[in-house]
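What follows is a pair of complexes built around subunit A, which joins subunit B in one and subunit C in the other.
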Partner chain A sequence: MSDANLTATTRSADLDGKTRDRRAFDRSFGQQWLRKLALPIALVALLAGFALADDRILTSYNLLNIAQQTSYLALFAMAQMVVILTRGFDLSLGPTVSMVSVGAALAMAGMGGGEAGGLVVVTAALAAGLALAVACGLFNGVVVALLGVSPLVATLGSMNIAIGVATTISDGRPVQGVPSAFSQVFYTGSLLGLPIAIVIALVVGVALAFVLSRTVFGRSLYIIGTNPQAAAVAGIPVKRLLVYAYLLCSALAALGALMMTARTGSGEPNLGGTLSLQSIAAAVVGGTSLAGGRGGVATAVLGALFITILSNGMNLTRIDGYVQMIVLGAIVILGVVLDRLRLSAR
Partner chain B sequence: MNSTATLSSGNRTASSGDALDLVLRIGLLPILMAIVIVGTSLMSPYFLGWMNIVNILRMASFLAIIACGQALVIIAGGFDLSVGAVVALASVVTAKAMAAAASAIGGPDIVAIVIGIGAGLGSGLAVGLFNGICVSRLKVSGFVVTLGTMSATAGIGLLLTNGIPVYGMPKAFVQAIGRSQFLGFPLAIYIALAVILVMVFVQRRTLFGRYVYAIGGNLDAAVVSGVSIRPHLVGTYVVSGGLAALVGILLTALVGSGQASLGGDAMMLQSIAAAVIGGVSLRGGIGRVEIVAVAALFLTILGNALNLLHIDSRIQPIFLGLIMVLAVALDEFSRRRTSRV
Partner chain C sequence: MTSADITRTTTPNTAEPLLVLSGVTKRFPGVLALDGVDLDVKAGELHVLFGENGAGKSTLINVIAGTFPPTSGSFRFGGEEMSELTPHEARAIGISPVFQEFSLVPSLTVEENLFLGREKSAAGVLDAGGMRKRARELIGELGFDLYPKARVDSLDRAHQQMAEIAKALLGNVKLLILDEPTASLTERETGRLFELIAKLKTDGVGIIYVSHRMREIRALADRVTVLRDGRHIKTLDAATVTDGELVELMTGRKIDVLFPTIAHDPGETAIEVHDLSTADGLVKGVDFVARAGEITGIAGLVGCGKSELVRAIYGIAPIASGSVALRGKLLDRLDPRTSLRRGVAYFPANRGVEGLALSRPIRENVSMAALDLSRYQRGGVIRRAAERALIGPIMETLKLRPPNIERAVGDLSGGNRQKVMLGRAMARDLDIFLFDEPSVGIDVGAKVEVYEFIKRLVEQGAAVVVVSSELPEVLALSNRLYVMHHGRIAALLEGAAKTEQNVLSSFFEEESREKAA
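For the complex of A and B:
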């Protein structure tokens, strides 16, 4: 009697468990889609909300403006995302931008400004900028991968160094003499009717998406971020790839720096300013996980788009700049909370 | 040599090969400090002047107090990027509250001063509490949460003042706390010493301190051992916020006005640098507050020496960056040596 009772209760408990699992599965399946679409939905809601408050938001002029502004932050967020995938991050990104901006402007000014041919000038700027960025990326990568220093300290160190270099070589003043040929290539030019900044960001985004999802290098970055020990055991050259990741990050940052230099028309020793933190914020808000191994071009670009729309809308609706800082902070925290929810749904 | 020593002793404690590691780990900071002090005093006659020494100690006190809180958070496995912004917020809140209380009450200054200090400390504790709750409840990385509160806190500080310094505090506050001296040293130094001593006691002799080590060292083991994680994590952030607010109040008293430009990113980065150079492991579980305080002193001396030697202020960050990476790389190097043997 008691035996039968017991089996009955266990069986019913079992059944309950199964249906519960089943229901949980259904729910989580739906929730997963909801969470994947959460940010795009939030983006549309944000745009709609701002459009109600101010009718200048949805003009084609402003939308193009948002797209152009986004392309800079998107580049930096993509750069940051590459190293975040490997459980790192790059605090030196902002100062690298400053350093590249100043270095490229100095190189162009040294070439005699516009007197040399356009191609020569642009090549000189590219070479100088990339050389500085590679130096910084190599430093970060070697210190992180070979010396085993935590990314935070390594890039905090290189951040200080890059700030020092940027202000020293420029004497702390903007470097004039950026020729129009350079601005043509990186700012004022257009391709198929699109401003060149958007074109560059699109090309980089597609290329990076291909590298991350379709090449051994890209897939290895995800494995390193998910489980470094397993990656090493699986025979992935973890240290070498980490160095490459930091190099790639700095190179992308350098490209963005050249574009921003072309926009301002001079080499600015504090162009990078808050970009390190902004790029991390964009990547994280978009859904790149700081725990490593999760994220991609889409998360970086979506995050950058979200932050740009937010600040564009707040500017147009004349929200105080100090309030904007508070909102941005709240958004960053909200972003990680959402990320946490996504993670726990798995 | 190294391997034979370890072989004969059977384990790696007290083997002769560890002497080098000992120098590497503990000796680096004093050695660097001695080099900087001796070198600078030979090259600059002002360096060992009384005024300069007092100045160094005062600036080191501010940094040491913040770095103590930062170290505690890092030992528990977190990060507090908001300390610089809390300094600014506490400064503004203290000045505003004190000025308002002084004009509203009109009684003895002491009441207004207490109200102001309480409000300032309260603002720091509130930010710390928010950080702690976000980190422990939502299990979000401390880096990102405090990145967010850093931006928000700085925004609130600027919003309260519109970027304009706040005046109107009672003179007694500035005289008693900012400019008073005891045995030739400013009050801030004694406060810093008291904070350091209390923190050393907390780390060594209280359950809270030991649990913080346990949580940072091995979270899962701490959970299994029955350590309640949440209150202790929250506690570290609250202590960090409170100490940052204390520095904000001290700086306000020194400057004589509440300013949203005090503290800032530079102070936050320096506090992390001091903690890291002072041997706090970013992996958590390792670090002693008294060494962090020495590292804060070292960083202050280094900055002062570079100034006195007329080294371009634009190059100075390069030194800071290199020394920080070097210190941590050496630390890591020695740890690998010991773990490999």
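For the complex of A and C:
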């Protein structure tokens, strides 16, 4: 009955608006499913393709290896995704990893290295890593949010600064003397039969998913990325939250850096290497939009998985490392092109 | 029918006028912008187009400039029927428009802009010397104080206007279109422009001149055509028409949408603004008061600073000097977050740009200005069930159809989008509401719902400020009406004095005061 009343009183112009609303809804609904399933399908296809080429791919040993390797890249992709959500990105992520690696190794060596107790060593590494991450994130956040410098320029600058710091404090050489207690916590240890790297990535992933979807902070990041002006008008403290986003990005990168340092057993001044690009590639290929406001833990992790499987498969099928770089570069561009297409299809 | 109103010159003239439009109609989706308009412009004549915002003046000059074709009607220029005219062709045959929205490229120099799209070249190589020489000659001829090598973005608005005029006059001009060309010129530059216009007229150039300024119409016009609601009302001889007659023709009677009758019950002062100037200079020394239980309107032309005034009160437009007090309490800092906490809401005119996060669901768009309240979150964690339970009924009261609050706002029509904005006002406790062009871009049915919403707010004792370029809207809604002009308050109209004619004449009075000063 209320429906009949409604149609009787609605004007024709309004009716047009409603049909339009419904059609747009149907269309976007179909697209959403396509978007969600595209990458998992690609992943399965990729695995199957490599498995045909080499039967070592689908062994349980290699699959666990892939999972473990993915954990590192997933952490960095999640870090990157947080700032990409706000229409930014962090080119300094790789060098931050290097800087944290040598910084933490130096701190542990300063505490007496293997002589000191495990707790002291781990605390020293965490403190040094966190301090450097905060410095980095704060720098990026302040330059981007408060000074209004574009993320490209800001993090390109801080990228060089971080490389400089990492090389200077380590004299450009690996910092030895990472105690086994540290490696125990961040690399060799395991929980419920799972390697510690996978456990850490899982915990971080679940926590970050909660933060992004259930907290005011996470919700605000999506709104800022979708429309920063509207966010400001609605009273969301845009600048402050942007600084937090860059801080969170650097903190996650630092955690990954500690894990990688534990794995290599030394502080490496070029540990970060191509991680900036890899993490952006993973996030974007997974479906995080560089235009901001779209993406999440799932897109970062799926993207990381995709890239890890790709490089794992390329390693096993003996594709040259430099060719792999070409592939990675092409994938970033492909990811961005796909993102453009998705946005313009709307 | 309206064509009968045209007063044609009685001198027998075998030659056809330079420009002849007859029965030109332009329809945009949902809007009839021009409805059978007739207009003719003779060589050597200055023809003024006169009318309110939305009367169809810009649409008409855009049709003539080839920006878009008319939906129907005949358009003859220089004795030839024009069809499928493009802006480029229009320029080539001598139709030169100067719009209010500048067509200059900010990062190029003045001379590069003059020749943009018609660069002189020899064998594919730009003839920079030749272009520079011609640019200098032209600027010298015009007597403008303009440096040809200056980058456009380093110029102020007045100088950009000069560059725009120079650009229009480069090449062979037969019909010049000037859209409020003096809006940003000083007295001296205006004088120059007028001399130039006189010279162009003796050279046989026809000029279409859009202006609200009586003084200019008096000084320049040969004939005046009045437009209203997209229709040609009358073409008059400028020498015999009076100011009063023009204003009357311009305002006329309108087909109004149904405005609700609102019971205003003015209570305590909610907002008191004293001697306020904004950092961008668009608001200059404004005193303004809004009270609880009534609608305070602010009327004015585009760019008069009315929107910036409420934006400054809300805390988006930075303030240079002056003070804002809410409920008698002087404020030391203004930003959207604290404004919302003090119970002030702002509804931006451009909802797509400043209001909504289009790809996010309705629910998030409604709650986004209220997430600091404990109803919606606990310790920074959103209470999702509570959020749904609060937002759902709000959108139901606002008659959102279909009533699904999980859909992306980008999929909604204009009217539903405005409802999302209104919903935001209901998501927290507020009692001061600043509406910036509340009915722009929405259909008639949704307009009525917005007016009803505003009526409910006022009758519940809220203080409402409505900023609008639509004169009938602010006139009908407001209890007290401020008229702004060039960043200042030109008048405060109440009761019987609150008429369309008074609003318009206060523009003109302020105008002459400014010129005298």
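Criterion: the second predicted complex is superposed on the first by the 312 of 346 C-alpha atoms of A that agree within 3 Å, B and C clash if a C-alpha of one lies under 4 Å from a C-alpha of the other, contacts with A are read in each partner's own complex, and residues count from 1 in each chain.
Note that in this section contacts are C-beta pairs under 8 Å (C-beta built on N, C-alpha and C of every residue); 3 or more make two chains touch, one makes a residue touch a chain.
No experiment lies behind these values; they were computed from the predicted model shown.
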Regarding the shared-chain residue A:163, is it in contact with subunit B (first), subunit C (second), both, or neither?
first
Based on the superposed arrangement, let me know which partner A:263 touches: subunit B (first), subunit C (second), both, or neither?
neither
Which of the two partners, first being subunit B and second being subunit C, lies in contact with A:143: first, second, both, or neither?
first
When the two structures are overlaid on chain A, which partner does A:340 contact: first (subunit B), second (subunit C), both, or neither?
first
Name the contact category of A:239: first (subunit B only), second (subunit C only), both, or neither.
neither
Which positions of subunit A sit in both the subunit B and the subunit C interface?
none
Per the contact definition, I'd like the list of subunit C residues that touch subunit A in the complex.
30, 316, 335-337, 339-340, 346, 348, 353-360, 364, 368-369, 371-372, 376-377, 380-382, 384, 401-402, 407-408, 410-416, 424, 443-446
Considering only the defined contacts, which subunit A positions touch subunit C in the complex?
6, 10-11, 13-14, 16-18, 20-22, 24-25, 28, 214-217, 219-220, 222-223, 226-227, 229-237, 293-294, 346
Spell out the residues on subunit B that touch subunit A in their complex, using ranges where they run on.
79, 134, 138-141, 143-145, 147-156, 158-159, 162, 269, 272-273, 276, 282-283, 312, 314-318, 320-322, 324-325, 328-329, 332-333, 336
Contacting residues of subunit A [partner subunit B, same complex]:
143, 147-150, 152-154, 156-161, 163-165, 167-168, 171-172, 277, 280-281, 284, 290-291, 320, 322-326, 328-333, 335-337, 339-340
